[in-house]
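Next come two complexes, and both contain subunit A; in the first it sits with subunit B, in the second with subunit C.
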Partner chain A sequence: MTLPPFLADLIWTYQNVIVALGVNGLLALAMYVVLAAGQLSLGQAAFMGLGAYSSALLSLRLQLPFTAVLPLSVVAPVGFALLVGGPTLRLSGVYLAIATIGLGEVLRAVYLNVDVLGGALGLSGIPEAAPIWLIYLILAVALLLLWRVGRSHIGRAMEAMRVDAAAAAAMGVDVRRYRLGVLLASAALAGLAGALSAHATDFIGPNDYGFEPAVTILSFALLGGIGSPFGPVLGAWVLTLLPELLRGFADVRLVLNGVVIVLAVLFLPRGLLAWRMRRIAA
Partner chain B sequence: MRFLVMLAACLVLSTAAGAAEPVPVGLVAILSGPNAAYGTAIRAGAELALAEIDAGGGPKIALTVEDSGGTKDGAINAARKLIGRDHVAAIIGPTLSNEMFAMGPVANGRGVPTIGTSTTAAGITDIGPFIFRTALPEADVIPVTMARAVARGVKTIALLYASDDAFSKSGFDTMRAAAEQAGLKILTVESFASKDTDFSAQLTKIKALQPDAVGISALVEPVSGVLLQTRQLGFGPQTLFIGGNGANSPRLGQIAGAAADGLIVGSPWFVAKPDPLNQAFVAAFHARTGHDPDQFAAQAYDTMKILDEAIARAGSASPGAIRDALLRTDHHGVMGPFRFTDHRDPASAEGVVVLEMHGGAFRVAE
Partner chain C sequence: MSLLALRRLSRHYAGIAAVDRVDLDVPGGGVHALIGPNGAGKTTLFNLISGLVAPSAGTIVLDGTDVTRRGPEVRARLGIARTFQNIRIFGAMTALENVLTGLHPRFASGLGAVLVGLRRVRREERQALDRAGEALALVGLQRLAGAPAATLSYGDARRLEIARAIAGAPRLLLLDEPAAGMNPAETMALAALVRLIAQAGTTVLLVEHDMRFVMGLADSVTVLNFGRCIFHGAAEAARRDPAVIEAYLGRRG
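And then the complex of A and B:
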């Protein structure tokens, strides 16, 4: 690369943060697509784990090139979403949330107890094949797609479902199909995020995809606001950057981090970006 | 935008500092979150050593401490900040083996020698030629404990471990290998999750098999829970309990009390080790912090001294020269004589003492 040394140094220093911003942005979008359709589905961390583990195995065991691994990484999460979609989509609200968290815990137990997946030691030595530009390209494409879809009649149907699913169904919206559709889109986005992060940090472990990340991903979307796909991405960026920006405060870092989040929730209940997309006239 | 300005400002500051005399060294430790006790002890040990180094003549060290929060992302960010911004010549830490597996490749890729003081899992120094450790790997400590068990007439053993934690799993693998090596018959292997509070199913099965000994690889809280429950289920003093490195904590006695009596554990260091160097360290640490040091503080104290000697031998602040000088380490510290193997692990386990719980506190086992 022909970057000046100080810039190369700067990028190297913050490479992990830059990667995390892109990956967490994708995860926030995975959360956004289900929330936008009124589904409190918290399986994103589980889907991310499936994408990360399946792609890591493809790289480590079969030594496939990353260009082949990345598209394949959506297969496992989307397949899993199809499998669990039928039974779980009968649920809504907190029941759906509990069921999807449960699925994540089941997968975590699988990672822990299957030797090929490394057990508690995880998988290490994953090639660092995911370039930063690719992560941001995928994030930009996903944002653009969701923006276009959100402005179309599909976005209108999703918003109707979010406000009142029964009324939307009465108006002719095929609620079941939409619910499955957003679940699959969410699984694909989270799977990509998992594959990208696994191939940017070289090491994955079962506890990276458990309950705590599931809730963190939800907080990205809630902090940013779900009026448009930009809100969740902004929320993810704020929550990812805050701990690093506050590094100078050493011991009180986590306290300040918490205070900022509490203030944001108290004074900006509709999210940092409380702005709704305009729909294209039907 | 403000972020970029801040970054630029820090960059300017760090280049200005680079011209000064002291050698910049980084410390990555867990200073926040549930495992902060380990990192706080490590920092206190390293800072005591640094104060003594500053009082003596040797090369001066400018220490920058970074918090990893106990997560692999936190450790990577801390290492990247130390290397990219503070331009450290060497790093001490991180605290957990998991953090080292994540952060090690980053430091190794940049050619910055990194010394784990508490990373005991297998495979740490396989990360690369710049990764060292002064922590005795469990593979060195547990065989000593097993040999002691055999000397006490143990012939059969049951193993119990936490399967959801890298440290406990790695310790269990080592324990099983050591038991086989020692010629013990393994009657059963049982596992649990670190947050479990009920172990009666596993313990009832183990009790029915009547093993001479039970080996437990887990962090101190679950080990305490297991021991408390064994007494309720009627395990008597005829069963010898053997702990992994996780059981080597004074907290075991505080939580489990008399239920932990009789448990043996191998330790690279012991607070009451009688040699004068160790006694002076314990006294100085107590005067500085108001409490006794633990194993983590002792390891960090020795490591800082080892690194300082290496910097003196290297005669420069170049990470490559410091790495080569580290390989020629010949140090006598509070843990005993210390050298690195060619694979950058501690060369000998002769400093290992086998401890036994008695009345809620450790003492040297007979």
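And then the complex of A and C:
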């Protein structure tokens, strides 16, 4: 595939930002699927870490090709989600948030202390095997699938349980099953994002998947709005580009970033994209 | 055999018996009323029947199937539908989407079929749309099908909740104070609607404080007081029953 020279230059110059936009878009969708069903589950950074570390090990230790590594990268996060799913499904609201943040911190401690995971130094020399087009292809497919689900009876059931879980159950929605389902979907999406970012930047470390990224991923969805899957992706893009655009402000740019989030929560409670998708699939 | 059979059904909250050893048989067909003073345990009994609250003791049998240990979603699939005392519609959804949500158990397609976009999914959706349209028309809300549910007036929201509950043609419909807050004209229209639902083959069990509404509508009446069943029989007989009069008005002299 040949690109016009100016475009190739642009991509080369801003490669990190372009990768981050795609990866953060996927992470925003991982957040969206749980929030859309009313679960304030903040394990996305942890799932991303599991995807990143497991895929990096498969590439570095077993020298598997990326085409095999990428699908395998969902195994560890989805397995972990199954493991924690049972005990955490009884939780909701802020209790679930605290529990899932705690799980993320546990994993961070594991990365820091297990030799084969590189400890505090992390893993480096990961093959840069994830092309940019693949990241965006996966993002586009994820958007399409979530769009389809959102329009269907499954999307209606998810919105119903977000608004009123008891009423949804009285309508015949198996709330527990749906809660587990969205957790697994979230884990798979975040795991893919982790593997893609690990294989696009060649280095991963334990602090990439701690508390701060967990909250950042939440703010993608809060800023963008969850009326449709497009909202969180928009939020992710704004919050990824903003620090770049604010580079001139150096020291205060994180403050400005925070101000934008606070203003959005205060004045745009339904997010930048307040539009709500129609939930009828015919 | 009765459609719904409760046997020594109890629910305790920290030592207080909200529902205390209630035996109740609701025959299939017709309209049955559950009445009693405030705090008698009527809504708790509805929550027990629909599965939102687990009983402390006793059994709930629906048409020969013991559903005591089954979750609310299973009971909905078996044909128990309900409305709530404090209307609980899904506000951001349109009226039509609310009714479609009530048809959730009718969808056989799973996640896989939806993801690949099988034709079967569209067919199911079209069938559900037809049914939902009929339910909205029955309660007189077809022109508001596309309106966000949160924008509906109080009476319309109550009717929407009924449409959502009956769309799936349930065997047993639980109506929790359907006439609350309605003016006399709206109450009369509601009574006609409930009769229509019963004629269509759905057994109706309703909690209501409006006695004229109950007496004009119910084939049988069950009276609860302090969680216990104190009367069960024909509506007319309830009015003359000394225990019922005492529960509502207190003892004379």
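Basically, the second predicted complex is superposed on the first by the 266 of 282 C-alpha atoms of A that agree within 3 Å, B and C clash if a C-alpha of one lies under 4 Å from a C-alpha of the other, contacts with A are read in each partner's own complex, and residues count from 1 in each chain.
The rule we apply is simple: a residue touches a chain if its C-beta (ideal position, glycine included) is under 8 Å from a C-beta of that chain, and two chains touch if they have at least 3 such contacts.
Source: prediction; values computed, not measured.
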Subunit B versus subunit C as contact partner of A:G172, first or second or both or neither: second
Touched partner set for A:L112, first subunit B, second subunit C, both or neither: first
First, second, both or neither for A:A120, with subunit B first and subunit C second: first
Touching partner for A:F203 - first (subunit B), second (subunit C), both, neither: first
Which of subunit B and subunit C A:E159 touches, first, second, both or neither: second
Parts of subunit C lying in touch with subunit A, wherever the complex brings them together: 50-52, 71-73, 76-77, 81-82, 84, 88, 90-93, 96-97, 100-105, 107, 109, 111, 114-115, 117, 121-122, 124-126, 128-129, 164, 168
Contact set on subunit A toward subunit B in their complex: 6, 9-10, 12-17, 20, 112-113, 119-122, 124, 201-203, 205-208, 241, 243-245, 247, 250-251, 253-254
For the subunit A and subunit C complex, residues of the former touching the latter: 145, 148-149, 152-154, 156-157, 159-160, 163-164, 166-176, 181, 276, 279-282
For the subunit B and subunit A complex, residues of the former touching the latter: 3, 6-7, 11, 31-33, 66-67, 69, 72-74, 76-77, 80-81, 83-85, 98, 101-102, 105-106, 110, 121, 163-166, 168-170
